[in-house]
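A short worksheet on the structure shown next.
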Amino acid sequence: MNKNRLEAFSDGVLAIIVTIMVLELKAPHGTDLAALKPLMPVFISYVMSFLFVGVYWGNHHHLLHMVKNFSSGIMLANLNLLFWLSLVPFVTSWVGENHFASFPVMVYALLLDVCGISYTILQKVIESCNKDNHQVLVLMKRQTRKGLVSVTLYTSAAALAWVNGYIAVVIFFIVAIMWLVPDKEIEKMMK
Amino acid sequence: MNKNRLEAFSDGVLAIIVTIMVLELKAPHGTDLAALKPLMPVFISYVMSFLFVGVYWGNHHHLLHMVKNFSSGIMLANLNLLFWLSLVPFVTSWVGENHFASFPVMVYALLLDVCGISYTILQKVIESCNKDNHQVLVLMKRQTRKGLVSVTLYTSAAALAWVNGYIAVVIFFIVAIMWLVPDKEIEKMMK
Amino acid sequence: MNKNRLEAFSDGVLAIIVTIMVLELKAPHGTDLAALKPLMPVFISYVMSFLFVGVYWGNHHHLLHMVKNFSSGIMLANLNLLFWLSLVPFVTSWVGENHFASFPVMVYALLLDVCGISYTILQKVIESCNKDNHQVLVLMKRQTRKGLVSVTLYTSAAALAWVNGYIAVVIFFIVAIMWLVPDKEIEKMMK
Amino acid sequence: MNKNRLEAFSDGVLAIIVTIMVLELKAPHGTDLAALKPLMPVFISYVMSFLFVGVYWGNHHHLLHMVKNFSSGIMLANLNLLFWLSLVPFVTSWVGENHFASFPVMVYALLLDVCGISYTILQKVIESCNKDNHQVLVLMKRQTRKGLVSVTLYTSAAALAWVNGYIAVVIFFIVAIMWLVPDKEIEKMMK
């Protein structure tokens, strides 16, 4: 099946994205608890982005699992999504190193928005060539609803980052947790 | 099937090539829009090479998909292609950090030429042991035509880089877009 | 099957974790044996963590191999395990660069504890949806016993690190070897 | 089949080993041909190690392809091989940055020896649980003969490195080419 290599390539890229972010956590010179303290913002930004990429991997997994018909359009939309996700390590380290300053956090939030939109494009392209696939349509509907809530929250976070960067961080974690709670409906379909 | 591991290894190498390039995008110290500005050339070179490697992944996918007979020659030709592609991150960062200076851009263009030639060698080796496979022959013909146009454009870009590096960049993007537009004929065959 | 991509993603992340640690082994400027000597602690910590991640890969392989029923819970528990394992390179370089100072070694030991607990959580989640699978239950029992011994030893190592970091290192190697010795019972089941 | 994940994990590790070596090729500050010249030793060492790891991937592919019976011993022997191969990037950069000084080149040659021995151990373990598999035995015999020649040449290179590092480099390339020339006998069997 055609989609196997697309899944393998995406898995590879996502696995690398998630893992190279940890390279930003540079071993401190000190050897006590105090030496770890300045790493906290970098660590928090790592956790945040790890969850974020992990959620994308899970959703991508569910979405591709149900695809029956494959097209070049899907490959393009997937490449587009991977491109934006590949910028996550950059923004993560920018946000972490600057202790969640307003502008970098806003850029982070906007990147999440763009990733969300890219995912939606991938969904639409898949939908357009899998119209008679009931499962895909149900999955879409559920993922789309959650997606809309996410994008709204990301955009609010982009604005609220100007009040305080950490408010945005809290919102990012809320969105991540919302996605991590398993969706019983989707799970039933995957069986 | 023999070719599965070749695809998996190639996917791995291509996924890593594409992702380590983003490590060149180092988080700036500033926290405003101005801090991002000096990163623009590095970013543009990243986008360019991401598209470039993405296109190779797509073509490689189509090509290997149709291979029925496998040989050591294919493994060698594939290793040769991966070698040249693995130099892309190096040239990308050289080009980006030097704001598209003429000589680095020319080297970039020549590397694209060598990658194109390596891909053609892989095609020829595959053709020689899949002669009775009609699909492979049709795919080759279409990819070869586009390949010739690409190599011609890359070589022109290598020359025009001496006038202005950004002219070459525009040409690189034109070639990438030419490949990204799905080929209806190939898509029909992949089904 | 659903679990294929989970295995592929986990393999990718584990392969990258294991390989990026070697980037900490920076080529020395000198060109004689004496130049290699200061690298010894970093090298030892690399060997230790390589074995550690290698053992996890092996256990993960055995565990997932027997899973028949898949759930979102398994994906979450797996993501949680990968998160903690992804911190191994950071702690490894911290421990190596500081010549096994007490506090970093204790943190290393505690991270191994958390990884062990995360693995146990993954086991429990798998068990809860594969209750009628005899093989899974036998494997669990054997892995759980070894797991308890490991966590006890890691925790002792965390305490003994305050006497001397190298005592903890010896314990880490003992645990790794305990896992590396093939379990005849499990092997029989895998056939 | 059990061996799929072992192949996938090995492919991942080998793909990363081969690709992170290119990170040693740091973009020079100059933008002319002269700026590339000091990179030559690093580049040569990269080519050498790329070929070396590529040959291992090919041999590993052939070897695993014929395995029917799987055991924990194979997993251990494979992990051992991957460990030594993972040290290749370190030695490669040491050799390249020091312009093929005698001692680093000798260490490089000895590492190739250890990798060769580890591969032989993997072969023997596979042989011991696939004794009634004629194909495996024939493949072993052919690979073992070449392996003996390689180890002899590597050891000579380790000695000759004290005369001049580049003599050893020539020997390394001769061995690589010897392996890259396809073995008709093996190819026939793979069909």
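Per-chain residue numbering starts at 1, and chain names A, B, C and D are given in the order in which the chains are listed.
To be clear about the criterion, a contact is a pair of C-beta atoms (placed from the backbone, for glycine too) under 8 Å apart; a residue touches a chain by one contact, two chains touch by 3 or more.
For clarity, every value in this text was computed on a predicted model and none was experimentally measured.
Visitor: Can we say the copies subunit A and subunit B touch using the same residue numbers, with more than half in common, or are the two sides different?
Guide: Copies use mostly different positions to touch.
Visitor: To lay subunit B over its twin subunit D by CA atoms, how big a turn is needed, in degrees to the nearest 5?
Guide: Result for this pair is 90 degrees.
Visitor: Let me spell it out: compute each chain's centre from its C-alpha atoms, then which one is farthest from subunit B's centre?
Guide: The most distant chain relative to subunit B turns out to be C.
Visitor: What whole-Å value do you get for the distance between subunit C and subunit D if each is reduced to the mean of its CA atoms?
Guide: The answer is 26 Å.
Visitor: Round to the nearest whole Å and give the separation of the Cα centres of subunit B and subunit C.
Guide: Those two chain centres are 37 Å apart.
Visitor: Which residue numbers or ranges of subunit B touch two or more of the other chains?
Guide: Where subunit B meets two or more other chains at a single residue, that happens at 8, 12, 15-16, 20, 23.
Visitor: Would you mind writing out the residues of subunit A in touch with subunit B in their complex?
Guide: Those residues of subunit A that touch subunit B are 2, 5-6, 8-9, 12-13, 15-17, 20, 23, 70-73, 75-76, 79, 82-83, 86-87, 89-90, 93-94, 97-98, 101-104, 107.
Visitor: So in the complex, the part of subunit B that touches subunit A is made up of which residues?
Guide: Against subunit A, subunit B makes touches at 7-8, 11-12, 14-16, 18-20, 22-23, 25, 27-29, 31-33, 36, 47, 50, 54, 57-58, 61, 65, 180, 182-183, 186-187, 190-191.
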